[in-house]
Every structure is written in structure tokens, then in C-alpha cells.
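Here the chain labels run A, B and C in written order, and each chain numbers its own residues starting at 1.
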Amino acid sequence: MPTEPKLPPIESAAPTSPESGAKIVIEQGRPRVHVESPLMMESLIDKQVIDRTYEEHEVAILPDVHLVHLGGQGTIDRGAEVLLPLIDEIVRNRAEHKILIGVGGGIRERHTFALATDLGLPTGALAQLTGVICKQNATMVYYLLARHGGVRIARENFHKLPYYMNAGGIPVIVDMPPYHFWEHMPRVGRIPKHRPDTGSYLISEVYSCRSSIFVKDVDGVFTEDPRVNPRAKLIPRVSASELLAMNLPDLPIERAVLEILLLARNRKEIRIINGLVPGNLTRALNGEAVGTVICQ
Amino acid sequence: MEPKKIGTVYSGLSLNQADTAYFDDQGEEISIMPSVNVIKIGGQSIMDRGRSGLYPLLDEIVANKSTHKMILGTGGGTRSRHVYSVAMDLGMPTGVIARLGTLISHQNAKILHMLMCKHGGVFVLRDSFEHLALYLHAGCIPIIEGMPPYEIYERPARGGRIPESRTDTGIYLLGEVLGARSVIFAKDEDGLYTEDPKKNPKAEFIPKISVSELIRRDLNDLVVERKVLELMQNARHVRQLQIINALKPGTLTRALNGEHVGTIIYAD
Amino acid sequence: MVESSKHTSELFWEDGRSRLHIRSRFMMESLQDKALIQSTYTDKEVQILPDTHLVHLGGASIIDRGRAALEPLLEEIVAARKRQQIVLSVGGGARERHTYALGIDLGLPTGGLATLGWMICEQNAVMLYHLLARHRAIQVPYLHFEMLPVYLREGSLPIVMSMPNYFLWEHPSRRGRVPMHRPDTGAMLLAEVLTTRSCIYVKDVDGLYAEDPKKNPSAEFISRIKVAELAERNLNDLPIERAVLEVLQVARNRKEIQIVNGLKPGALTRALDGEPVGTVIHQ
């Protein structure tokens, strides 16, 4: 596989845009019309071509923004008792940190999955039904934040995030990713594998966020289920591959997050913290050791 | 016919006068879809039962497709109740709670749509209601979300914060504005009882009752939203509705055929 | 660490897999039970936009008067916006009335009329936006209300159209077919839900009189009145919609509204500064 493609003799047409130097190229003998680019005449399935694109520089899009995911079941479903102190903590931190809030689904999401599974709906259908639960949660969090500059942003408006951040807003987004009909079939069962944790993590990866913090109702990842074995130990730091190899029966975060983390370019670690403990979020935003860090 | 002129005829006429004689009914109000039946599929009563409650009912709806035009509307159910309780705990006002409730009936309508696709079920958003006639003409069964669109414009209730206009109200009003042939609420009780029969099995069944009588009785609990009763008093088209037990096979079919099978509430 | 027992998340099938529930205080309830409804009352609703004034410009009374009435009024609003957070709301007016009269003549139902009246309000919002664009106005459609806090923070002047979204679901009235929830009501409901600092109706009258001042020039001016008392007086005409009074009677947050004369220079500014001008109607 030559790195410089050996081109057959070509006839060049005039550059379409002189600045970029993009050229229309007409292959001789084989009447195909090309546009000159490093990938011209390459198969995009070729492994080496694919590998060549790996090292390329990726732009950091929102590198100073913390992405904070509020778990549905762990924080929002617990109501005022848990959510109001968390909202206060977010507002207290906004002077120092740029914060983007994403919300999960929770128990109504699970109810929907249970009901839809009973009704015989496929995974791609299930994946379309629970976005509205995150929407409900995002709406509630937005109203709690409104007087502090909360703003609820739909996916179509993500490109306006910098504006809302600069205008002093605290954006609230829905974390359920829009896999919809196109959700991948899981190996077992019918529950969509890309759920709000995954959506949140993917946004932090794409936007090269400063951190990806998952606020849940557990201290982090334990060696065993702490409810079953009280002597189970909290794991302060673990790699995604180790964690996957441990094959724990339950995890406080979706498995798809770990799978994607293995391949991350930008956001190479995430943190799970206990939102029931006041001050944890502040410490996590300041980069202090709290909860469990899962790294690449 | 004289063209209507602003200025010469209406100008200065307040819409807030106690006596808006000029705007009173003139002639008959039209029925937009006089042959359609609007059916509510209860949330907690039907949808939350999953396969066992819903499948037989949908089969019955499909069996009636060739004889009756139907629009299906969905309720919320236990997920609405959960989100109401979380939102109230967080101090949300009625308007926000109504906004949250809308999403669950939307979700149930999507579920129903996927189950009914193969029989011509179409999910119709509120903005596309102008397509209803086309869908019905093509032999489809339009499926709509039951909540009315008031959302943050929902009026605060006198007592608590539960929105007074929920899916019963939304579906009843749709039937009324379309001038529908009938409005049927498919629930899991035979109809209206003096008390909640799930809580008190000795509650007495009421087969037929007038709106004014029902309001006068001031029952502590009801199988239908109180707002519907209030609205029925001013109804122009749908002067009665029937609440049926859709878990009993054949009941919906008989109700569609005009039989009295549950509780009929009528405006007097 | 919070030990939360109140909100344990739990799913379960009722006896014999009949219904699938989520445990919550409303589980298996009809939501019609009176004691249950009463238990949801609170006077501690969340404060959403407590620093923002809602200023509603009447359609027939202000906007339809065109430049003569609007120009000085908008100048006043722009000046006030530099000191205060304002959401501007607009009504319908003469074209709205025309639409209703024509629709009734054609036999359209109330819900149809409400859907049509909405568009007139939208027209007025568009006009106002273009008049105020150079002063950082932004027209905010209903779906974008959740952007309001950020627009207010960064100094914009949001314009909303206040015909509430009742559409086909508008309640039939006892008498006649004119929709009962029109722009004044929409503005009231918005002020109530968003817990705004004020709700000011800018109209072309000083406020309420005991009688029609056009018929009896010595009619007594009412500067402050309880909404229940006003409803009892059963005046033949009112400068605001009757549904506003109904909503005001059960309001939790916005417990008073003010009617000011937008044709009198300075009246709105004084109202925004908290001075009593015009008529205050309170709970």
C-alpha cells in the first residue's frame, strides 16, 4: 500500500477554488471524475487508510466546559431532598467553572422499557420512547435553574452552546442519544445499550470537555456489591479494560461507556461521584480525588 | 353578500362584555367530522397492563375498522403519576406539571402507533391535524396524544397542583370540536361507581347519569376528570360520553354500535 | 449523606401481572380524589423569573393604534429595559375580532376560532420585533420559552405572543363562541407560572371605573380592588378578559395585576418602578 497514491496520467481541470487548491481530476482511460484529496481513489474500508486518519489532530471544541451528568434514578427521582442541594452546588460553582448539565431518565425510563418489552416492541422502538423521560427531567432541572440563568437546549441547538455559555447561562441538555430506529441490537434482551450515560460521555468526548462527571447515588465502583457485602472496597481509579475484565454483575454506569472509553481520543477519563454527599460535586469540579475515576 | 368590513361593523365592540350579543351563536355550528368515533385508551387502566390488557383490545379495534371511523387517544398512567409526584416535591407550579404530563401521553401514543402500524395506525402530531381527514379517508386509524396542548398555560387549580385538564379533557374536547359521532373512554371498570370500586368493592354502579346530577352529588372520587363534566355543560355536539370496561371482550364493539354497555354521562 | 426513604424507585406488577406500576404517592390513584388533590397544594412553588416584569400590550387598545400610540410607548420600554428585566407580551386586536365574527358566521366551533385568533397575535409579535430589533429585541416562540432566562441575562428584550395554546382544545363557552382564553389570559398565566415580579396590562384606559366613563363622566375611578369583589360587581364591560379574573382568584404566585394607560407618557415607567398608577386588581 503506497502512502503516495500512484496516479494514472490525469487531465486536470481548472481548480474550482484557487485558495484551497481543490481540483477536479479526470482519470484517464477510466472515465471517473475525482476531487483531489488525500483520500482520492482510496477505499474507505482499507485498514491502512483508516489507520492513517487516526493520528490526525482533533480540534478541542469546548475544552473548558465540565459536563455534569445528573443520574435519573440516583438524583432526580429522589426529588427535592437530593436535587435542590445539588442545584445549589452547581450554582455556587458556576462563577469558577463552566458547567453543562445533562440529565438521565430513571425509574420512568425503566417502566417504559418493561412495558414496551412486555408489548413485544423491538430495541429500535424502545430507544425512541425514553428520550421524553429525559426531557421531563431536563425540564424540571431547567425550571429549578431558571432564575440563575438556566437554559434548556435541544439537540438541534447544540451549535449555540458557546453563545449560551458566554451569555452566562447554565445549559441543560437531554442525555439520551438519538439512536432511535438505528439502535444496535444487544446480544441479550432488548434494552438499548446506548442510554443517557453513553450520550453524556459521547458529548464530552466529541467536545473534548474538561471533565465528564457522573452524579449518581453511590460512592463509585466497588469490588463487590456493597449492599450484599459491606466489606466491599471502593475502587478509586481503574482502567476501563480492567473494569470490563472484572466482569462485575452490576455497574453504576452503562457498559457502553466503558467500551467507548477504550477508544477515546479526547476525554480519556470519567468520574463517578455520590451526589447525596454535599461538596462532592465541587471537589470533582476542582479535580480533587473523590468517587471513582475510570480511565482509558 | 356584503364583504365584512373592519371598522364599520365591529370596531369598539369589547370581547369582555358580559353580554357579547354580537358574537353569540349565529346559525348552526358545523360538525367537522360527524362520522368519527373518538376513543380514549386509558393509561393506568389499559396501557400499563401491557400485553394482557392491550392486545385483545387492539384486535377488537382492528375488527371494527371497516365499519367505524376511529381516532385513538392515549392517557398517561403510572409514569405520569410518578413525574407529577417528583415535580411536586421539587415545587413545580401547575403549568410546568402539565407540560411534563404531556410527554407521557405522547410516549404512549408512540407505543400504540408501533403496535398498530400494520393495521394503518398513524401517529398524528397536533400540528398535523389538518391531515386527519385524509388519514381517515384512506382507512387509517389516527393515534393522538391525549393531553391538551395547554402546557404552561394550564390554569392553576383551586385545590392542589394536579393539572385539572388532563387526557380525559383533551380527548373529550377533541371529540367536541370535531363534532364526533361518539366519545368513548376505554377503561378497566364497568363505568362510574359511587366510590372507587378498586378501594371499596361494595361501591354502587351508576349506569346512566346527567352531568348536573353528577356535579350535584360531588363524589369524592370519579372515574373521569371533573373538568370534562364542567365542559360538557357547554357542549354543542358531544352531549354524552360513555365509559366502558374495555377489558371485557366485545364491549367496545357494542359501544361503537351505539349500545349502552357502561356508564353514560349526558349533558342535560 | 442523605438517606432517602421517600423516593425509593421501584417497579412492580400488581397482583397477577395485571398492571405495571412505579411506586409514587399517586400510584393507583385516580387523581380525582379530593383529599389527594388538596394534599398537593403548596405556597412554596419554585421561583422561576422573580426579577422580571411581564408587560402586556393590548391589541385593540395599543397596537392597532399604530405609530402614534406605539412609538412613545416603545421608547419608554426601551429606556426601562436598561434598568429592568422585561418580557413584552402582545395581544390580538381588531383583526382577531374580525376573525371571530367571520368564523362564527361560517359556523366554525370555538376550538377552530382559537386556532385562527392565535395567528393575529403572532402577526403583532412579528411587527413589534421588527420595530424593536435595533434595541436587542428577540421574538421568542412558545417552544423557546426555556431560553428566556439567558436572553434576559444578556440584555435582550424578549417578545412573546400571549394567545395561550388552547387551539382546538379551547373550552366551549356557555354563551357564544368567542374563545375565553385570549391574550390577556395568556399573559396572566405566564406571569403566574414564571412567578414574574409584576404583570402589567398596557391598555388605552386609565383603569377601572365604577361605571362606563363615556356614559357617565363623573364615574368613580377604582385604583385598587379585590378580584372577588370585582367579580361580584359583575360590570357589564371590562378592559381585561374575564378569564384573567378567574385565574387571579386561584393564583399562587402572581397575586396582583395592574392596568395602566399606555397613551399617557410615563405611566408604564412609573408602574415598572412599583408606583400605583391605573388600577391594581389583587387576590
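Rule of thumb we're sticking to: contacts are C-beta pairs under 8 Å (C-beta built on N, C-alpha and C of every residue); 3 or more make two chains touch, one makes a residue touch a chain.
Keep in mind that what you see is a predicted model, and the values were worked out from it rather than measured.
Of all the chains, the one whose CA centre sits at the greatest distance from that of chain C is A. Of the two interfaces, A-C and B-C, the higher number of touching C-beta pairs belongs to B-C. Each chain gets one centre point, the mean of its Cα atoms, and the points for chain A and chain C are 39 Å apart.
Between chain B and chain C the centroid-to-centroid distance comes to 26 Å (mean Cα coordinates, whole Å). Residue positions of chain A with contacts to 2 or more other chains are 77, 79, 81, 107-108, 111, 115, 118, 139, 143-144.
For chain B, residues that reach two or more other chains under the stated contact definition are 48, 50, 78-79, 82, 85-86, 89-92, 96. Touching of two or more other chains is recorded for residues 6-7, 20-22, 46, 48, 194 of chain C. By the touch criterion stated above, chain C contacts chain A in their complex at residues 1-2, 4, 6-7, 9-11, 20-22, 46-51, 146-151, 153-154, 194.
Interface of chain A with chain C (complex): residues 73, 77-79, 81-82, 106-108, 110-111, 114-115, 118, 139, 142-152, 164, 167-169, 274, 276-277. Within the complex formed with chain A, the chain B residues making contact are 47-48, 50-51, 54-55, 78-79, 82-83, 85-87, 89-92, 96, 99-100, 103-104, 106-107, 110-111, 114-115. Within the complex, the chain C residues that touch chain B are 6-7, 17-22, 24-42, 44-46, 48, 94-95, 97-98, 100-102, 104-112, 145, 164-178, 181-182, 185-186, 189-190, 192-195, 234-243, 246-247, 250-253.
Of all residues in chain B, those touching chain C in their complex are 4, 6-7, 9-11, 13-20, 22-30, 32, 44, 48-50, 52-53, 78-79, 81-82, 84-86, 88-96, 126, 129, 148-162, 165-166, 169-170, 173-174, 176-177, 179, 196, 198, 220-226, 231, 233-237.
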